[in-house]
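Per-chain numbering from 1; labels A, B, C and D assigned in written order.
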């Protein structure tokens, strides 16, 4: 099973630490992640607002290149790229009249898009790697708030990943590395996304709500799996604090960084120094046991 | 060929298409007199050999019609019939027999209008195809 | 030689207006085998029928063709007339020259010729008709009712009161079903136990009803009038005759901490328990999965305290075989639970409960003795949010239908909450209020206007817990979809009504069809709601689709009427238009070679395997055999059989073959 | 061939079977191999196996005269194995009625005692039409209808209604075939154009979803009508439309007596 890696623009630019931590973790886990040769921009939010063919051609060209390089699946760490590539694969394979559309788009990109390569996001890829628990050097024994953002789980009909309203895959990953994922309400609420540039007041409000709830529940870190979420929750911290008129010390880590720490990889190699909010934790504190009585929803005899 | 009057036999199921044809009658909807009905309990009962017999004895076209799938009286006769027709049409086509002379359809007891349209359309199509003399000549030895 | 009588009807002038009836009669007279051919203004009138019967007698006709309207109209009329004249009714056929000819074509040569074609076709068919006798199938006048909820109870009582034996089988230790779990019922706020328990006692005391509680159907074979059912009486671990129902064992049982299924997981019960005080039969059952004796072989305290030594630890399940003539499915429904609404925290937060749990909380015999106490900390909830359509009308959750009863019981819940907590603040999030029954709308208006229930038209997107409160995030679409948050103490979800988990397996045991949601399929949604496609098996209550108590009771009485009608005759008379497998003299015995394609294709499981053995008991061959009770006469098997060894009476090979040839103006000899 | 002979000798000596049905030397080069019925260990010498042994010996399983001789061991080519499974699916062959001696191109013999083992053996084989068969079939499908009608008219004109194809086919085991039915006379008795056409249409339809393409009908036809084309055409129609392949399982529903709610119906108005 050959897995290709599609970095996209952010992994080489503002989210460099995401790519550094991913590569470090992959090395420890003994996984090859060759970049797709001659990859191009996925079109993100700009393309599909301008022209449908463009929005399909860009991702199709990426996938066609991956298929040409014999890749069975493509790891797309950035949620926005993952969403674009998944939607394109759906439009060109499963949707009604996909044959004609596929032929036309293949003509546009002057390469034959067959659709053999699967599109995989970071959580799917990490979950697929067995034996993670065995390699843990320093359990990441922290209370964490797993923040999935929007594009990882939506549109549910196409992406078909985890439960759109109440996802659990990142929570399960965090448990594997010894962390305690909290039950909180802002797992998939909007962080402000693209408004980070045009309306960062909105981002300040929305991201502020997210951080406020995480801190209120005692989270020691917010775990994300998307460069845009990291940017709003970390880099826009001054705007958030100014608007909320209070300080938020809580650091924001990529899921690969948290796993990296647990695998004993040096923080520098994980790019923690690139964050705006310094990554510092107070000493670990012991936790109270969970309640015993079964929740009201389960019936006697049911798991 | 305008004065050619085709002879068309319609094999229909009693509960749906026969009742649909009755409804066409009660609504006094006019349609071509070239089609005559033979009643069966269900489309599942229509044997492919009867279609051959009809062609062999002078029919120019055939209509086979019954209950829509899932709107059936007997719960699965039409499903079996559909599967039989798929294979039978494949065989006729492979033998070079013009499958356009056999029109399959679903007409429910409430679709009187659809029955009239079906008959008129089939009569017109068979009129254009002309008499099925090629097949009728096959009679070979026997009373002529 | 055939002696056929042909009778052409004018039908007033419906036929004669466009068809030259005299010409048709003359043409019919020339058909070989036709000895009598007349036309008359109104064949279906008494004089018309008189013409037919007198012609039969005078010319001793062997077959009759009446060319008039559709057989779907007057076939029974003319067949009865022939029977009265001494001619087997199945030797009479109708030629449809009205709906299929005179009404749909213009007056003229072509129309008359078509009429002649039709008559000639039916004359050819009638020559091949055989005299058939109606099929008589004996009827066992005992009914089997599966499910002891209100529907099963009502059906059993109605059938028993019409003088027939009933066997009522209930899976739980007591009958009563979901209705016994309710506190009060809409729209009258009658206390559920008060109106239900008298019926339960009536069932126990009715001499015609044999009640097997804590029992399930093991298998059902046979066909209408002649079913054989095997019922598994699960071991109660006590001797029902000796037990007086004093309840000492339940009080003394040390293992108390088992979540009670009857209390929907809110309350506790001991290992040996009676589900609720008014249970019928009022005999406890030992829950072998939790009883210490069965787990570790110790305790046996109940045995020690039992005044009548009724405890039987080594009691085994018992299979009871019964013969029944009809089955009524009244197995009821369930409400959706499990991790179905994670975004509402259902199954995660203890104060997010479902409708049945609220009923138990509001019920005087419930775990909180009727007081409003939230499950997490037992406090009285000040603010309660009720969410309607929790799962129903939601294709994304896979349930697109409306569960019909939730709007009513949600209004009732809100009203009961206000009656018990006067200063409480109930909110109801709804999409549309469906209160279509008698006095239903008034009931909901009363909840809104008199009991001050705050109805908010909008959906709830998420519920999360913060500081001991449940934050309900929703939107009020009547106020411009303004997002809103309510800090609630407790949330009640009106979850979707779904089929019982075991519904599909039971349907397969009983051979009835079910829909994609595992609700049982009625024969016809409008005209045959209480019957199924399997003859002799009827439906009552929510097993067919979610419905309220009045409808379940009405449907139960309907099903009971059907059973009573079935049992009103000693024998079942069925039209003989069924399939028959060829039989020959030895040594061939039958042209059937036993490939049994017919058996797999038969939708009614009407074809059985028959082993033909010689006098020495040696198996000669296994051939197909049609069960006259089950065959509905669709004929699918007939067209499938490669060796033409199965034929259907009324539409036999010879009949339809003759029709095709006659229609195309070919004589019999033209091969 | 030696292993085959030893196996036969051993089976007959130990009385596990009463008879071994295999191939023996034929008379002259027209029929290099023919079926032989070995009932004594000594006769096992006459068993042969080479490229000319193509006949589907499973046809003898359905002949009453052979069945009454007792349990048989059958030298089975791949299509014979698939025929046994199809016969089992139609309740004609029970699990321990026979012992199959599966033999492949290299003459390797593997005894298969139960239908289960036959199923497993067949599952490993490639049961598709060969490339050659596909191209030939495609050649006819590509013709336009009139050319096909002309082709079959000429082919069927040679038919003598000798019904050798019916005798050779293991799946034609009806005790009274519809051809022999004269009330009503379904298939015209004379071998004129109509009689020949209706007979061949009926034979092809009765094999739809059952034929395993062993080719014996065509080999048996004295006037060399390419009957295999009809069967192969319906074989591919059944596979394409219903994703069903005959002769793969002992307990399988027949393609024509079952259905799927979403069978293709684009030709129905």
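Rule of thumb we're sticking to: a residue touches a chain if its C-beta (ideal position, glycine included) is under 8 Å from a C-beta of that chain, and two chains touch if they have at least 3 such contacts.
It should be emphasised that the depicted structure is a prediction, and the values quoted were computed from it without experimental measurement.
By count of C-beta pairs in contact, B-D exceeds the other of the chain pairs C-D and B-D.
Chain A and chain B have centres, each the mean of its CA atoms, that are 60 Å apart. The geometric centre of chain C is 46 Å away from that of chain D, both derived from CA atoms.
The centroid of the Cα atoms in chain B and the matching centroid in chain C are 36 Å apart.
Chain D has residues 186, 188, 256-257 in contact with two or more other chains. Listed for chain B are residues 48, 76, 80, 84, 142, each touching two or more other chains. By the contact rule set out at the top, the touching chain pairs are A-C, B-C, B-D, C-D. Of all residues in chain D, those touching chain C in their complex are 90-92, 173-178, 181, 183-186, 188-189, 206, 253-254, 256-258.
Taken together, the chain B residues at the contact with chain C in this complex read 5, 7, 9, 14, 18-19, 21-22, 24-26, 28-31, 33, 36-42, 44-48, 50, 53-54, 57-59, 73-77, 80-81, 84, 116, 142-143.
If you check the complex, the residues on chain B that touch chain D are 48-49, 52, 56, 69-70, 76, 79-80, 82-99, 103-106, 118, 134, 137-142. Taken in their complex, chain A has these residues touching chain C: 156, 163, 165-166, 183-185, 213, 216-217, 293-302. Listing the residues of chain C that touch chain B in their complex gives 70-72, 96, 98-101, 103-106, 110-111, 114, 117-118, 121, 513, 533, 577, 601, 603-604, 632-636, 638-640, 648, 650-651, 653, 656-657, 659-661, 663-666, 669-671.
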